[in-house]
Each structure stands twice: as structure tokens, then as C-alpha cells.
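So, here come the structures, one by one.
What follows is a pair of complexes built around chain A, which joins chain B in one and chain C in the other.
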Partner chain A sequence: MIQKKICMLGTFAVGKTSLVRRFVESIYSDEYHTTVGVKIDKKVVQLDEQEVMLLLWDIQGEESVQDLRRSYLRGAAGYLLVADGTRRDTLYRTRAIQTVVQDTVALAPFLLLINKSDLTEAWSLEEREIEEMKDKGWQVIRTSAKTGVGVEEAFLTLAQKMLET
Partner chain B sequence: MIEVPVPIRDFMLALTFETRSPAYLLVGEDNAVVEWGGNLGSYNITGLQKDVDVDQQIYFLAGLFPLEDNSIFLPSVKMDGGLYADVYLFRGTQGTWVLLLDASAATIEQRRLQQKAHDLGLQVIELERED
Partner chain C sequence: MNDSNGQGVLDEAEARSTLSDEEGMAALRTLLLGPAEAQIAEVQARLADPKRQLEEVSYVLPAAIAVRSRRDDELTVALAPTVAAAVERSVRKDPQPLVDAIFPVMGPAIRKAIATALSGMVQSLNQSLIHSFSFKGLRWRLEALRTGKPFGEIVLLHTLVYRVEQGFLIHKETGLLLHQVSIAGTPKLDADMVSAMLTAIQDFVHDSFTSPQGDQLETLQVGELTVWVEQGPLAVLAGVIRGNAPQDLRAVFQETLERIHLQFGVALSEFKGDSAPFADAAPLLEDCLQSRSDAAQQPAASARKVTPFVVFVSMLLVALLVWGFFWLRDMRRWDAFVERLRSEPGIVITDAEKRGGKYWISGLRDPLARDPEMILQESKIDPTAVVSRWEPFHSLSPEFLLARAKSLLEPPNTVKLNVQDGALEAEGFALHQWVVETRRAVRLLPELGQFREEKLLDLSRIEDPLLLFELDRSELVPGQQDKLGLLVGNIERLQAQAQRLHMNVLLEISGHTDGSGTEVRNSTLSQERAQAISATLRVLLPVWSNITIRPVGSKKRLRDEVTEADRATNRSVTFKVVVTDAQ
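Then we have the complex of A and B:
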């Protein structure tokens, strides 16, 4: 079976673990439990009439990009940059992370996920800021690990891109 | 490498075996598993087959072979079964060695501290939002 490694990247508490749990187990919890090191989950998906095992590396979120452990990125076929739509600074952190990541996995496709789209009252991003990311050539998907919106789409879109690379 | 007296080296070795539950495997140049040993069972790694691709047998090693650098260190990898392992990969003459050492105690303590720090950070963000 084809295996593809996907790294989940973003600063702390943006919802990386919740997105993985929603995608793999279809569950969600409001409680925040920090991730230390890396936790790896697997899910088999069907793409282009073939089975693909996605290996999801849920990597601890770092305050500083310099603390990102590059060794976790080795062998990644793609990655998901995750921002929290209620915390503007997390969006700008993804830019810094992407700069570091592309040194290690230059040709790997990626998506930007703007998570917590269900929290409309606390939403702090302007449409203009999201458009700026799209203008850089980034594909952006709004997700909610809580409701499930955009989650399957995000993982399957990235999986498809990885197969095409 | 630092030279240490044999009693010190032996003590350090015994300490590692006692506290870090070492386990290992050797991956050949063709990415197939050649040999294995130690406490692999404590990391939920069982049923290994010789001459079968390592990617197909140990999912957290998928994509790492062949090794591009002389060594790779993956700290605090959460294993099936709940243990955390520090995973070291390094080149040898017969292939690439993979060494697993139990990192659960240190990782759990780190998690405790990190949780507090992040909870505090999120509280500050919430207070700023309310202002």
C-alpha cells in the first residue's frame, strides 16, 4: 500500500491534534491537551481507485520557529499549516514556519488551514489577510475540528496533491 | 568522544538498560529489516519479519530511509501503547541502526509544564480579548 507522511504544523493550541482526531476518529473535545514531541496516527483513504495510507505526524506546537524540530519533517510528502482564526498572530506564524519547512521538504505540497471557523464571534482575521495568503499562491481551507467543516476536504485535497507530485 | 573509565562506562550502560528500556533494529541498504532485539515489545513493536521493507512494518519509520544524513534524532515519539520513545537512527557498516530509548518520564514531566505554560498563555489571550 502507498504510504504518505503528512506533518501537522502550527503554533500551540491552533487545533492540530483536534483536526487529526476529527479526521481519524470522527471525535472532538473542547478540552485542550498539549502535545509533546510527536504523535503519529494512520488513516487509509481511497484516492484514484487506490488505497493510500496517510501517516499523520501531529507535531508539538512551538512558540518560536527556531524550536521546530526539523528531524520530524524528514520524509514528509506534504504538510498542513494550521492557524487559529481567533488568534491573528497564529496566521503570521505559519509564514515563518513555511519558510523553515521548505528548506527541509522544498517540493512537498501544503495547505493552510484556518481552524476554529465555528467561533464566528471570536474570529479575528479579516478577509484581506486571508486573501494575502492566497495571493502568495497558498491554498487556504477554513476548517472546524469541532463541527467537522472542511476537515475531510483538507486532508483529501492534500493527499491528492501528494499523489500528483 | 570523551574517554571514561571502564567502571563508569559499565555503570552508564547498566543504567541505560535499567531505566531506558533500549530496543533496536538494523535496516539494510535495501530498506529491509535485517535484525532486531531489546525491549521492542514495550514499544508495541511485534511480529517483525526479516527481509521485509521497514516502511511496511514500522509506520513511524516510513519515509526516513534511505538516511540522507549520518544520523537522525526523533525525540518523544508517542508509541502505540502509550510509551514515549526517543528514536535514534544512525549509519553503521551493515546498514542503518534504529535505537529506541524510553523517554516517558521526561516527556510526561515536560507535558505537565508545557500544559501549564500554554494554559496561562491562553488565559492571557482571553483576557486581552475581553479588554
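Then we have the complex of A and C:
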């Protein structure tokens, strides 16, 4: 079976862990985040009659991009950048994070997930801002860890992209 | 013009000189490099000709293989897959050549395998028997009962020095699992996630405790488990170990990792997430799954299961014990019997052994000794199991000499016989005839040789002498006093011997007369004569009281009276010793 390492990246409290939990059954507790700074989960997905095992490295969100542990990124076949739709700053932080990640894994495909899409009232992003990201060539998917909207699609899309590269 | 001419000449000269320079260089080159050029051309030709290359390589190949094999075993490692593939292809094409080749070694190999398996079984049986009933075994069983763990696990925990339970081969860059091996019975882990987490932890440690050499995490301790991590350029080998592994095992891990790099170098560097090719690394990884148990503590892991074999052997053991008990008892009885016979007088054992389920005993036996059959009955040994053979012989021990002398000489009860220093000694008193016969008989018995009769009184000394009297008177004729003196002496000896033998002896004095005179007178006279001697003896032997007198008169004459000497003999008294009874 093909195995792929995926990193979940994003600022503190954007919902990375919730997205992973929505997608897989976890065996490790969330305490790993505070001790080691990463939590690992596994999910086998079916893509065109091919099984792919995804190893999800859910990396703890740091306040500053400089604090990101680059060694955790090594060998990643793809990554998900996660932003919080109710906090505008988190979207712009993803740009900084992507710059750092590209230094380590230049060719790995990635997606931008704008999470908490269920919280429409608190939504603080304008469509224009999202379009700007798309113009840069980023693929964007709106997700909700709470309702599950877009979660499966996000992981499967990334997996598909990884197989194509 | 001149100038221009001059210029033209100069140019020409320059051109000539340039030309001659080139020619000179060419000449110089030919001169200097001529032979080398030929060699270079030769080398180029050789390099361009594959046929020649083949020949040259074939020339050095065997030696090269030998040199490399001496240095290390990388050639073996590198060739192994090719050789395996070649054998596989050959077998698929036609198995017969391989069958023919291995046929001669098949038999011995199978025999060896069976012998090894059997010896292992016996070994484990021994251990089962040793530890099943030991105190330690019982303690461990109690512990198993208390903790609810299987007995086997308790035993393992107590005896295990170390055991590598799992081995992970991890792709260094991605942290993805390439292959995993584990020994049977270990709990199943999610190896993919363990690999990733292990990589993350290593990264974390590496980042947190930065060292100039870029040192890596080598050991993790988790309760009773230790994780050893061996780093390679492209892959990481992690071993999960229970117990305390020796440092030598590190070398095994390193060697394994080196071999994996050698064999899978390309696959590792081109890894894109497909771990299938690394399944071939399983045998290499399995080399790392080593373990060692403490031999001294080696327990009864199989004791938990009572197999029919164990039952059979146990029964055999019990039967052996019972048989051994009876065998030992019989042996002791036999030894006691032989010892008893040895101490028995008149019996000499020359041979005693157990052979063919029977006891064999042979030796010499004096006919006067105790019957061995009687002793055998007392010993409780089955008489039918004993075969005995006795040769008769004469024992020279004093008691047998004496017993034989007694049966031969039939001594009267007034005689006590002894054997002292090889001589027969008689004590007491006896009739003259017995004394004479005994003297003669002893001379014929070589083992006795000598007859000592200092303490023996010949009764003829008392019963033979006649005390003679005057005619028609009860007075001794002159000259009889000496005889009387001797007689008294002998009677005193008789008295002493009788006392020693606790016997009562009576001295009977008979009075005699000659045929002259009347019968009445003779009767009176004979009485007077006996009384006279009796009175004298009572005076001379005051303690002697047992004297009777017997007046015989002239009716029973000692001699027919033809001459005066006959008549004188009849005028006498005679003595007789009578043993009345034991005291």
C-alpha cells in the first residue's frame, strides 16, 4: 500500500485537530501537542481502486512562524494550511507559514482550508480576500469540522494531488 | 617602399618562423610522445573492444572475488539476491539438476534435524521435571494465580535476560514504516503510527537538545521496554527490547542497517511511499530479533502442559523408583546374608555374586558348621533364587578341632576336653582303656598332634593296686605301706578332679580272703580287712566320706589258688571308683 505523510499547519486554534478528528479515529491523546508539539493519526483512503495510507502529522499551531518545527515537515508529501474564517489574521498567517514550508518541501502539493464555515454570523472574511488567494494559484476549500462539510473532500483532494505529482 | 618591402620581408620571415615553429613542435611531440602515443592508441583500442575487456576481466575476476571475500561479506550480500533469483529460475526451468545436486546431503541433513529436535525435547523434558516440583516453580505458579497472568508469561519475565520483540525499519525522511517484524505473541501495535511518532519524538529531541555533531536519540526507556534506535543515512532501525540487552547487540543492529542500505540503497533514495519492495528485508530484520534466557533459571515453560509423553515418563519414573526400592532391599538382604555366612565358623566363602537374575554363592564348609540353608531361610531371601555350592573341608579353628575330637573320642562325662595351642588337653578321670585308646587316636590326627594328660587321672592307678594282708588277720603284710601311700595320693587327686567337675564319687573297698578257713570266718575276715583300710583312709583323708565297704569273702576269688602266691594275692582288699551322680 502507498503511504503518504501529510502535515496539518495553521495558527493556534484554527481547528486543525478538530478537522483530523472529524476525518479519523485517533489513538493518541491531544496531550501530545503540548509535550512533543505534534500528534499523529492515520487514515486509509480509496482513490480510483488504489488504497493510500495517509499519516497525518497534526503540528501544533505556534503564535510565531519562527517557532514552527521544520524537522516535522521533512518528508511530507503534501500539506494542509488551515485558517479560521472568523479570524482574518489567520488567513494572512498562512501565507507566512507557506513560505517557510516551501523552503523545506518545495514541490509538495497543498490546499488552503478555511475552517469554521458553519459560523456564518461571526464570519469576518470577504470573498475578495479569498479570491486573492486563488489568484496566487492556491486551491481553497471551505470546511467545517463541526458539521463535516468539506472535510472528506479536502483530504481526498490532497491525496489525489499527491499521487499525481 | 623599403619600408613596405622591409615590412614584407619581415612578414615572410615571421610566417616562416611560425611555420617552422609548428613543424618543430610537431617534431618535438613525435620525439617526446611517440612511444606513448602508440601506447595510448593501444589502450584506446582495448577499451573500445568489449571482447578484450571480457577476457581481461575474466582474468582477474576469481582473484578479485577472493580478495574481496577476505575483506568483508559485502560481495555475499550483494550477490545473494542474484544467486537466489538464478536458483529460482533454474528450478522453475528444470528442477532435476538441483534435485540431483542436493540428493546426497538430504539424508544426513534430515537425520541431523531430527536428532537436534529430539535432543531439544529431552532437554526441555529435563527442565520440566527439574522445575515442575521445585520451590521456585511453585512460587511462580502462585504469582501467576495472584496476578492472573499466564504461568508462561511469569516464567518468561523471571528468566528473560533480554528479548528483542519488535523491529521497525523506518524511512528516515518521511518517518513512514518500510517494514516491521515481531516475535509471535507480542501485542500488536499500529506500527505505521508508532514509526511516525518515533520519528517525531526523535525530531523533537534532536531539535530540543541541539548538539554540534547532530547527535541522535539512541535509546528510549518505557517501563520494562527499551527502544533502541539506529540511524542510517536513509533509513532508521528501531528495536523494541524487553529486559537488558548487551551492547554487542548494537553491532548487530548496525550491521543489519548497513546491509539494508547496501541492498535497498536505490529503493530507499527513490522511496515514494510504496513499502512493498522492503518486504524482502524481513530476513535481515529477523536477525535482530534475538533473545537470551538465564540458563540457570530456565524453567518449566512446558510444565504447564502435561503431555502424554510427560505422563509416560513420570509413570516410568515411579516404576523405576519402586523397582529400585525392592532391588535395594534385596541387595541389602543378600549382603547381610553373605556377611552372616562369612562370620559363621567353619564356612569360607570363595565367591558370591548376582548374575542373570540369580544369586550365586560357593565356598568351603566344614561338615560340623551350621547349615547355610538354615541361615538362608532366616535371611528372607527367596531360596529358589540362590544357587549354592559347598565343598566340604576340615576347619582348623580350635572349636572345630574340639568338636571333631569329641565326636571321634567319645569321652566319658568324667573327662573334659580342650584344644589349646593345637594340642588336645584332657581333664578329669577315666578308665585306663579310654586313656590308652585316646593316646593312640590322637597320634593319628595330624591337626591335633599332641595329647596332654597332666590333669587326667587314669583310674587304674586306684583300681589296680591290691593291698595284701597277713593270713587270717586284718593287718597288712609288711611293705604294703608304700602302696597305700601312693593310693592315698591318687585318691586325693580323684577327689580334686571330681570337685572340679562337680561330681560325686564313691570309693568302694572290697575285702577278699583265700580259700582256707570256713566261709563264715572268711566273710567276717573280709569285712574286717575292708573296714581296717576304710578306717585308715578316713584318718588319712578326713574330708573323704564316700567310702563303702563290700565284704566279698572267699566266694569270689581274685585268682584260682594253685600256688601259695595265688593264695597271698587273694588275702587282700581292692578298690573301685563309682560315679554316683552330678552334684
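The criterion applied here is as follows: the second predicted complex is superposed on the first by the 153 of 165 C-alpha atoms of A that agree within 3 Å, B and C clash if a C-alpha of one lies under 4 Å from a C-alpha of the other, contacts with A are read in each partner's own complex, and residues count from 1 in each chain.
As a convention for this text, contacts are C-beta pairs under 8 Å (C-beta built on N, C-alpha and C of every residue); 3 or more make two chains touch, one makes a residue touch a chain.
Please read these numbers as outputs of a predicted model, since none were measured by experiment.
Participant: Consider chain A as the common anchor and indicate whether chain B and chain C clash or fit when overlaid.
Facilitator: clash
Participant: I'd like to know which partner A:R69 touches here: chain B for first, chain C for second, both or neither.
Facilitator: Both partners.
Participant: Please work out whether A:R87 is in contact with chain B alone, chain C alone, both, or neither, and reply first, second, both or neither.
Facilitator: first
Participant: Answer with first, second, both or neither: which of chain B and chain C does A:G148 touch in the superposed model?
Facilitator: So A:G148 meets neither chain B nor chain C here.
Participant: Looking at the overlay, does A:A77 come into contact with chain B only (first), chain C only (second), both, or neither?
Facilitator: both
Participant: If we overlay the two complexes on their shared chain A, which of chain B and chain C does A:L55 touch? Say first, second, both or neither.
Facilitator: Both partners, chain B and chain C.
Participant: Answer with first, second, both or neither: which of chain B and chain C does A:A13 touch in the superposed model?
Facilitator: The answer is first: A:A13 touches chain B but not chain C.
Participant: Which holds for A:I2: it touches chain B only (first), chain C only (second), both, or neither?
Facilitator: second
Participant: Applying the touch criterion given at the start, work out whether A:I40 contacts chain B, chain C, both or neither, answering first, second, both or neither.
Facilitator: both
Participant: Identify the partner contact of A:A122: answer first if only chain B is touched, second if only chain C is, both if each is, neither if none is.
Facilitator: Only chain B is touched by A:A122; chain C is not.
Participant: So chain A touches chain B in one structure and chain C in the other; where do those two contact lists coincide?
Facilitator: Comparing the two interfaces on chain A, one with chain B and one with chain C, the shared residues are 1, 3, 5, 32, 36-38, 40, 42, 53, 55, 69, 71-72, 74-77.
Participant: Which part of chain C faces chain A closely enough to touch in the complex?
Facilitator: It comes out as residues 171-177, 190, 192-193, 196-197, 200-201, 203-204, 206-207, 272-275.
Participant: Can you list the residues on chain A that touch chain B in the complex?
Facilitator: Against chain B, chain A makes touches at 1, 3, 5, 12-13, 32-34, 36-40, 42, 53, 55, 60, 69, 71-72, 74-77, 87, 122.
Participant: Using the touch rule from the top, collect the residues of chain A that touch chain C in their complex.
Facilitator: The touching residues are 1-5, 27-28, 32, 36-38, 40-42, 52-53, 55, 57, 69, 71-72, 74-77.
Participant: Which chain B residues qualify as touching chain A in the complex?
Facilitator: 55-56, 59-60, 62-64, 68, 72-78, 84, 103, 107, 110-111, 114-115, 118-119, 121-122, 125, 129
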